[in-house]
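Below are two complexes that have subunit A in common, paired first with subunit B and then with subunit C.
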Partner chain A sequence: MASPGSLRRSQRRFAFSVMTPIMIYLMIFSLLPMIWAVILGFFDYSPARVGGTIFGLGESNPFVGIRNYLDMFSDSQPATVFRKSVSNTFLFTFLILPLNLAITLPLAIIIERSHARVKGFFRAVYFLPTVTSAVAVALIWGAIYNPQAGLLNSMIRTIGMTPPKAWLSDPQAFVFGIPLAMVALIVAHLWQDFGYNLVIFIAALQGIPQNLRDAAMVDGANEQQMFWYVTLPLLQPTLLFVCVMTILSSLQMFILAQVMTAGGPREQTTTMLMSIYSNAFRYQNMGWAAAMSMVLFGIIMLFTIVQFRFLRSDWEY
Partner chain B sequence: MRSYSPVRWLVLIMALVLASCSAAAPAAPVAEKVTIRMWSHQNSAFNKVNQELIDQFMKENPNIEVKYETFPYDQFIQTLQTSMPAGTEADVIEMFGSWVCNYATGGRLQETPAEVMSYTKAQEIFYKAPLDGYYCDGKLYGMPNEYNLEYSGALVNPELYKAAGIAFPPEYKDYNGLIADAKKMSAFSGETMTTAGFHFTGGDALGFIMLGGILEQGGNYFADDGKHFNFESKEALNVISTLTRYAREDKVIDPTLFSGDNGLPGAFFKGQVGIAYIGPWAAGVGLVDYPDVKFEYVALPPMFGSEYKFAADAGWGKVVSANTKHSKEAWMLQNYLTINRANALKFNQISGTVPALKELVDNPAEILAVAPYMQPILKLLPHGQYLGNVTDRDQLFYEIIAKNLTDALNGTMTPEQAAAKMNAEANAMVDSKASK
Partner chain C sequence: MTTQSQTNFSHLIGAVLRYTVLGIGLSVTLLPFVYVILSSLKTPSEIIQIPPSFFPKAPTWQNFITIFNDPKVPLGLFFFNSSFVAVARVGVTLFTSSLAGYIFARYEFGGKGVMFAVIMAQIMIPFQMIMIPLYLILVKLQLIDTLWGLIIPAMIDAFGIFMMRQFIEGIPRELIDAGRMDGATEFQIYWNLILPQLSAPLASLGIFTFMATWNDYLWPLIVITTHERRTLPLLLTWYSSSHGSRPSLTMAASVIVLLPIVLIYILFQRQIVANAATSGFK
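On to the complex of A and B.
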């Protein structure tokens, strides 16, 4: 007799028959490329060279050990750009996360308390940019930021102010020490991305049992206290999810920056993914790009572990 | 009944999947008809003429079927890079000349058989600048269709000339006259430049002006060893200082505003540029994409001295993959598309590219009949030399020369600082690639 909780043979067979295809798919399209990237990081590999007999490794694509990783600390131009891209990516991520939360959480609370019809309308309106193509969003914002004919500069001039010389291409323009182009990119990204977190927060708020709020009210809690001592703690699992997802997507920022600024001016908006992409596919330094992607992988992994450690909750409601 | 453990299931299915992936295709039946494939990037004019010539080739060679496949530009490069290690690339590939040696020396391309063409013979019929991109370590790999020229030609806007009261079309003897006209055409709204009199800050333009400017003054951008660079010579410094003067003192261009979306050729065809330093291909784009915009394409004088001397990329041409199973047929097609006079002419006429075949320029009536804008620059072609082995062309042009030059033009660096940084970064690139 099967022990309690264990599966019968037929159940096991069914489970494996449905799991196996997806496991094979993941193995071929996720695991093997990851292993291949780890291996490539130790070679000076270019797809333009034939190399050795085993997967093109060796000979004209020589084994260089950890040289690619050590080169990241050198003074060479690609290494300098890579380090700049790491700092840009961190700057972008650490600005996006609090700004996103500061917009989405209060907005979600307001929408959640509004009338059902209004709720549906605003949820749809705010979610629309999220489902819009990132390239289209980049083109729209590029037009808005155009220094000569852009909507933003026209509006600034209309109210009698002087707009910046160029939002996306002036290497000497900074706002509180942050490159103006980066600020412009963050605004565009926030506009496109905040609807996703908003919908998640609204769903989480709707899931908080009303009796907990009622109990707090009976105990004399005001709105502010209810938010800090009831709503926010109960949102902790959602907050963890939102933080993790926002950080993951920010660390992998690519399309908006690629289309709007191409990493410029002076690499002020070059992100890690852009640096990896251009080295892999433009300059054909696949080994170097693989090593960089391993660094990005490590950073993402570290962030995720840290967040799970500090934001997880051991209870459910 | 025998039961299968999960591991056995997994192994069984994996084996089936792998078997289906790796099982050799059934041996091709010995048939008279041979099928080969040709790849190129997506460009409506290129694709149209290639397809027409391929159809013609198949009619003349009924035993050969050619499958022509095209890819968006970025995807084309990625597809080449992933298919070559897998050995699944096409038999004939349309490749940009400046990439050829990278793939050829890596063993990815087939050397041109002596019976198809020798380098000596090729030198007689092709211009040296495009041909030498296909000549690597003493071996010839394919042949060019195009002479890629980005030097000393410009689109000019008749309306801006007229508005500034300048005679049109212009005939400049030196840059003093050109800059004087450009200053008259530059316009500002407050401090914001709305019209650039002379736009030369494209990534390609800056690179070719830099290298051509050094050559025009009798200098060399390569160091004595022929591999490293010398961007701190007095000739290099003179180029940077001169361009900086045009931008900062003469105010004929604001590189901060005229970049990205406002780069070339878009800004020119929006009427925001008087003189745009760009290759003749842009005139072809203008005729197709901006049929209502009036413009001329003119040759500019040498920026330094009185003699034209410049470096050029090797343009688009056809190469044959090292993995082809139908070498003979692939070279037949390659030959048909590049050496055959009528076909090469048709390619240049429809694609709007400058011919790599000398014969087509020596008797230019046919090419000028469809691309009259090429007339001013045909006289420049014999003065060009191939760029040479610059280690990584795109990195040198876009990441090193253009960025440091732009910093000098913006005033964030002095010309001396820009030259020193350019020199250090270019040589670090050479050392970095050589040391691995």
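On to the complex of A and C.
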């Protein structure tokens, strides 16, 4: 048996021999890219040009200060597309959020009240779209929206109405001022995504103790009062969590739009991440793209901080 | 008596309404799946006919046979690419998460708090922020257009470490002490005593990592350029754009890509749903 002192030494050695490679790894694959991303935003950088000795910065990839950020407000074509992508992303996010909640919260309450056996079944089926490949989902919905042979238009024709001439490619088509292609994307995204919030709500509802409901029942509360005065206040932390998670994932919308519309028609469905992707990897304009990604990062951080601020409250019941 | 039958009646109405809503939800959820399967069984002419049919008139496997026999689509290779990346990422993630989680749960050393904070900060960093420099790093390391380029940047999973630490904190210290008494090395204690206790959280983390990797699209789109190294989602978009005039083939290819993940879901449905409900991560 080793003495306690040497034991502790061998433990410390083990801990460091595990943590050292992990920390070095994180420096290379996390810390370095973070710093690099911030720096890139201040350069006119393209990997196609050779540039200086340190990370190819300098010389033909010159330092431009905050010009990339100032350019975001200019009349140039990339800046116009970028601003469009920012407003598209916000439009998408703040339509998704209320629609998602309007579907998932009532549905969770209904499922929670059902018999245990059907409860598991419905939850399992509703969650299925979330595990499927977003690319496949995009292709399937693309086929559903097909103007000639698609499922949706044939359903609309069956009930005797005239379908729109194109769901995903008509720049003149609007619903309440929202581009039709955007509406179509939102529907597809809701379909794929609602299962997440649904199962989170169901779990939270199951966590509400029955005696609180019984007490409200004894006091003569009806179903609606029960919802507004018992269930909803107790769901508040979950509700906030779900809102922030939904906002964060919607702000980073990429696959469905990329595959279904490629951002069209006329950039009506181009999201921020799509704009960053195409500028960085298609046009090799990485300094400009890095600056855009910092803007998206700032927006995401804002909502993350909001979540941490408000989720502090510890609920005990 | 009348009030009794009234409440019974309103209960009945409530139940009918509930199941109607659930039924509508069910059909909306399942319809696209049914649609893609039925479309994949249609002939090329039937899928573009106007007015379109819902059920195939003469169901055929021809689309699948065409894909299997297409020399430009060696499906075995693409399944291997996707499986290789997914299995490697699952293996590495489970190992690093459990090992680091164990260290954070049961060891005391200088800088522990700082290191834990550094790792947890990873959760806050959106991938889109670091993807451009990460690409440039992979170029320097000559990992662009390799499957390793999809594995190496994803070897540390902050959420996995956090999850394992939580779980290991619940394992009695006596187990570790007993191991030390028997003269086991620190790594042997981890490998022989701790790891076997972790089957439940390892399964959860493994399933989640597998599905996330299998469905990953943006990073492979950036890293992979050679056709033969494509993963299945990349293959799917390429196939769809190169067979635009034959949608029944695209639908069949979608079914092929969807099938493995749906099978895994059917097998592990309970853990997957419970996982999502408690952790809430996407």
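Heads up, the rule we're going with is that the second predicted complex is superposed on the first by the 279 of 317 C-alpha atoms of A that agree within 3 Å, B and C clash if a C-alpha of one lies under 4 Å from a C-alpha of the other, contacts with A are read in each partner's own complex, and residues count from 1 in each chain.
The working rule: contacts are C-beta pairs under 8 Å (C-beta built on N, C-alpha and C of every residue); 3 or more make two chains touch, one makes a residue touch a chain.
Quick caveat: nothing in here was measured; it's all calculated off a predicted structure.
**Q** Would you mind checking whether subunit B and subunit C clash or fit side by side on subunit A after the superposition?
**A** Once subunit A is superposed (C-alpha atoms), there is a clash between subunit B and subunit C.
**Q** Now for A:Pro129: first (subunit B), second (subunit C), both, or neither, which partner does it touch?
**A** In the superposition, A:Pro129 contacts subunit C only.
**Q** Hey, is it subunit B or subunit C that touches more of subunit A?
**A** Comparing touch counts on subunit A for subunit B and subunit C gives C.
**Q** Applying the touch criterion given at the start, work out whether A:Ser46 contacts subunit B, subunit C, both or neither, answering first, second, both or neither.
**A** After superposition on chain A, A:Ser46 lies in contact with subunit B alone.
**Q** Quick check on the superposed pair: does A:Leu235 touch subunit B, subunit C, both, or neither? Answer first, second, both or neither.
**A** neither
**Q** Of the two partner chains, subunit B (first) and subunit C (second), which one does A:Phe281 touch, if any: first, second, both, or neither?
**A** both
**Q** Taking the superposition on A as described, I'd like to know which of subunit B and subunit C A:Ala290 touches: first, second, both or neither.
**A** Touch status of A:Ala290: second partner only.
**Q** I'd like to know which partner A:Gln11 touches here: subunit B for first, subunit C for second, both or neither.
**A** second
**Q** Applying the touch criterion given at the start, work out whether A:Ile144 contacts subunit B, subunit C, both or neither, answering first, second, both or neither.
**A** second
**Q** With both complexes overlaid on chain A, does A:Leu26 touch subunit B (first), subunit C (second), both or neither?
**A** Touch status of A:Leu26: second partner only.
**Q** Kindly classify A:Asp170 by the partners it touches after superposition: subunit B alone (first), subunit C alone (second), both, or neither?
**A** Touch partner of A:Asp170: subunit B, not subunit C.
**Q** Subunit B clashes with which stretch of subunit C: 76-84, 166-174, 202-210 or 220-228?
**A** Clashing stretch: 220-228.
**Q** Overlap the subunit B and subunit C contact sets on subunit A and report the shared residues.
**A** In the superposed arrangement, which is not itself an observed complex, subunit A uses residues 12, 16, 23, 28, 47, 55-56, 143, 146, 148, 281, 286 for both subunit B and subunit C.
**Q** Could you please specify the touching residues of subunit A with respect to subunit B in the complex?
**A** Interface residues on the subunit A side: 9, 12-13, 16-17, 20-21, 23-24, 28, 44, 46-50, 55-56, 60, 62, 64, 67, 71, 74-78, 81, 142-143, 146-148, 162, 165-166, 168-172, 261-262, 264-266, 281-284, 286.
**Q** Across the complex, what residues on subunit A touch subunit C?
**A** Result: residues 1, 7, 10-12, 14-16, 18-19, 22-23, 25-26, 28-30, 32-34, 36-37, 40, 47, 55-56, 106-107, 110-111, 113-114, 118, 122-137, 139-141, 143-144, 146, 148-151, 154, 157, 191, 195-196, 199-200, 202-203, 241-242, 245, 248-249, 252, 254-255, 259, 273, 276-277, 280-281, 286, 289-290, 293-294, 296-297, 300-301, 304 of subunit A touch subunit C.
**Q** Enumerate the contact residues on subunit C facing subunit A in the complex.
**A** Residues in contact with subunit A: 18, 21-22, 25-26, 28-33, 35-36, 39, 47-52, 54, 96, 99-100, 103, 107, 109, 112, 115, 118-119, 122, 124-126, 128-137, 139, 152-153, 155-156, 180-181, 183, 185-187, 211, 214-215, 217-218, 221-222, 232-233, 236-237, 240, 247, 250-251, 254, 257-258, 261-262, 264-265, 269, 272-273, 276-278, 280, 282.
**Q** Taking the complex as given, what residues does subunit B use to touch subunit A?
**A** Against subunit A, the touching part of subunit B is residues 3-4, 6, 9-10, 13-14, 17, 74, 77-78, 80-82, 84-85, 99, 102-103, 105-108, 189-192, 194, 256-257, 259-262, 272, 322, 392, 394-395, 399-400, 403, 407, 410, 412, 425, 428-429, 431-432, 436.
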